[in-house]
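I have placed the structure first, in the form of structure tokens, so that the comments after it can refer back to it.
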Amino acid sequence: MTAQILNGLIVGSMYALVAIGFTLVLGVLDRLNFAHTEVFMFGAFAGLVAIDAGGIWWLALPFVFVVGGLFGMAVEFISFRRFEGDARITAALSSLAVGLVLIDLTQKVWGTEPVGMTIPGYVTTAGFELFGMRVVYVQLLILGVTLALMASLHLLVSRTRMGRNIRAVADSPAAASLLGIDVRRVTQDVFFVSSALAGVAGLLLAFRTGFANTDVGLTFGLKAIAIMAIGGMGDLRGAVVGGLLIGVLEALTFQFGVGKLGELVVWVTMILVLFVRPEGLFGGGVHVKDVRA
Amino acid sequence: MIQDYLFFTGINILLAWSVYVVLLTGNLSFAQGAFMAIGCYAAGIMTTRYGVPLAVAVPAAMLLSSAAAVLVGFPALRVRGIYLILVTVGVTFCVRIALENVAYTGGVEGLKGMSGTRLWHLGAAIAAVGLLLFLLSRSPLQRILDAVREDDRVAASLGVNLTYVKLLAFGAGAAIAGLAGALYGHYLIFVRPDNFDILVSIFVVLYVILGGVNNMWGPLLGATVMTLLPEFIRALQDWRPTMFGVAIVVMLLLRPEGLLKFRQPSARWSGHAGR
Amino acid sequence: MPVADREEPPVLRVEALAKQFDGLRAVDGVSFDVARGEIVGIIGPNGAGKTVLINLISGFYPATSGSVHLAGEDVTSLPLHEIGRRGIARTFQNIRLFRRMTVLENVLIADQRHARRPARAFFAFGRQRTEIARAARYLELMGLAARADRLAGTLPYGEARRLEIARALATEPKLLMLDEPAAGMNEEETAELVQDVRRARAAVDAIVLIEHDMSLIQALSDRVVAMDYGRVMAAGTPAEVLADPNVQRAYLGEEGGP
């Protein structure tokens, strides 16, 4: 049981990392970036390149952070920059198309089958006993990296000048621009950060499973979109808690032997949340305020 | 072979129209593949297990898809458009996982033994849906839907119940997708849950975007071109998703309203005035 | 002159209406009545809470507290479309037309026979003669008949404002609210607007007019409510309100300010 919960927290922390990216772009810029899930997917393959190039395996993490971020900026340039205001849906669709292209090109290079990733055994299999439960080092690595990234993001948003600009744009892009804030620059920053997190999450998932897989964007990655809604659209804290919650719930349902039906948990939860509390877990979702349809 | 091309083109036209109807109120649905699956399985189970005639099973399946849509659409459409996108993605996953894991529907193996769809049935279905859409475009309902898409809050302040109108469109779209599904299953004889992958839903949405969303002919054009083109140009087949994705991105930049972007006013001051 | 009938409730009664945004109390306990036949002007410096007030009355924002009664009926927490159906129609400071639809269609959408029964509206396909005839009244009232088949997004500013009024009137409302209708208009257009509003007056029970332009307020309103910092600063006849020292200070302060 505790082992299941630990497992759930680990999967959940990766969900959270992807959901944070979704909710950051939505909360600050009011944009839905569908290419996000595929940047997440590509994170594993970028890591593969870094590791195969003979570098030190853990250097793949910062490498993927940067590559993911650059992909995010590219997506912003291709799919979002030209569309403003009412063209929100158009931009979302354009990013969806970019995502499809990214999947197809990745499959052209690496094939459609999962590709094995070589990481030292002392990370992936070695571990220790804790309260009668086996903990593998890779689990600690995943928890450590995600926690560190979330903490840094929190500091970035709450304590830095860049964070202050981000909050100003989230409040009102027009007002921010009047205050002399370079909205385009902030937009790029937000895309960079959100996609960088997604890329790292993709690599961490590959560390855990041992494979880079072109399917994960549309399966694992898309769940993050539901988690964003559960936590409240645009609510960072909600994305973290929602991710962990869904991770644990999924792990527990698998435990109870409902098999693949456990995959339903996240979607059913999302629909229930929409019914009962559309503003999300903490009511911090900025996008339902004052909406009375 | 040529018959199969025509058949898949026809199914895609129906699906594209089902997306179009939902999009009339400004909402994107990524669940049209799932509603197609519901229609397909519902009709298939009725005809193969209970001996219901196809002519009865098809409308029953349409009703069922539509009811499912209204049920899941309600909580989402009450709040904000973006929630419908999320809910429909969720529905697509739920339907697929449910079909794969419930023994009654045949599990991963799928459902077999349906038959009876002739090509002309599909032709008749397209003609019927097309006629309804044409009449719609000349009716007051069309401009109510368009107004909701343009500025839903203003439309509401003029007395339009947004939740109701959006549900109406979503339910109608699901019925059309259910129709496509019922005909599809009884043509293929054998279907599996992965025939209704989320990619099906995504591609159909993109057909509509490519063709244009301001009139009923855009989706028809988009679906026809995107189904037939790769069949006849070999080079396109291998690079289909990339070519398609790039085409969408480029078109959205150059012509964001789609290939056919004209809109027919729902009423005219002077019956013979030009456009 | 307003008819003071003891039996009849006022067209609009606003009581202690308030709206709290995060730290800010944008409307802070506003009360006033609008009687049948009246045009009530609402004035005040930028940020006084005038537009928020109109958004509260028309249901675009939910109120934090207080109440709105329309002809004696509580409409405070009704959904937006119900408020529209009960008879409050409005225009917008930043014109909100259905830009990609024709002028005629913009007015037709407000036709309550269809707006309230969308499913049935499908079966009214065809020539729609009666609908067009009804819409024609309002287009002609606002002098837009010659523009009927143009796209609303291509109208010049003054005509776009008039179309918004025509669209609001086509819902056959009890109360019409105009949010800064003269904003961005030159003197000639403003003079035309005065005539338009006078004609609109005959079609509704009462009008609420938010405006910066004092000449417009003086020409049209029977009574004026002056707001500042979300509160009512003064109320009465235009002459009384404009003579009020607080009002003068608020306006002079604004002009003298940065």
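A, B and C are the chain letters, set down in written order, and residue numbers restart from 1 in every chain.
As a convention for this text, a residue touches a chain if its C-beta (ideal position, glycine included) is under 8 Å from a C-beta of that chain, and two chains touch if they have at least 3 such contacts.
Since the structure is predicted, the reported quantities are computational estimates derived from the model, not experimental observations.
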Per-chain Cα mean versus the mean over all protein Cα atoms: which chain has them closest together? B
By Cα centroid distance, the chain farthest from chain C is A
Whole-angstrom distance, CA centroid of chain A to CA centroid of chain B, is 30
Cα-centroid distance, chain A relative to chain C, in whole angstrom: 46
Would you kindly tell me how far, in whole Å, the mean C-alpha position of chain C lies from that of chain B? 40
Could you list which residues of chain B touch at least two other chains? 156, 162
Going through chain A residue by residue, note those that touch at least 2 other chains and give them in order. 293
What parts of chain C, by residue number, touch at least two of the other chains? 59, 79-80
Looking at the complex, which residues from chain A come into contact with chain B? 26, 32, 78-79, 82-83, 87, 89-90, 92-94, 96-101, 103-105, 108, 218, 222, 225-226, 228-229, 233, 259-261, 263-264, 266-268, 270-271, 274-275, 278, 287-288, 291, 293
Over in the complex, which chain B residues touch chain C? Could you list them? 135-136, 138-141, 143-147, 150-151, 153-162, 164-165, 168, 214, 263, 265-271, 273
Of chain B, residues touching chain A in the complex: 26, 28, 72, 75-83, 85-87, 89-91, 93-94, 97-98, 100-101, 152, 156, 162-163, 198-199, 202, 205-206, 209, 239-242, 244-246, 248-249, 252-253, 256
Which bits of chain C are touching chain B when the two form their complex? 58-60, 79-81, 83-85, 89-90, 92, 96, 98-102, 104-105, 108-112, 114-116, 118-119, 121-128, 131-132, 136, 145, 148-149, 167, 171
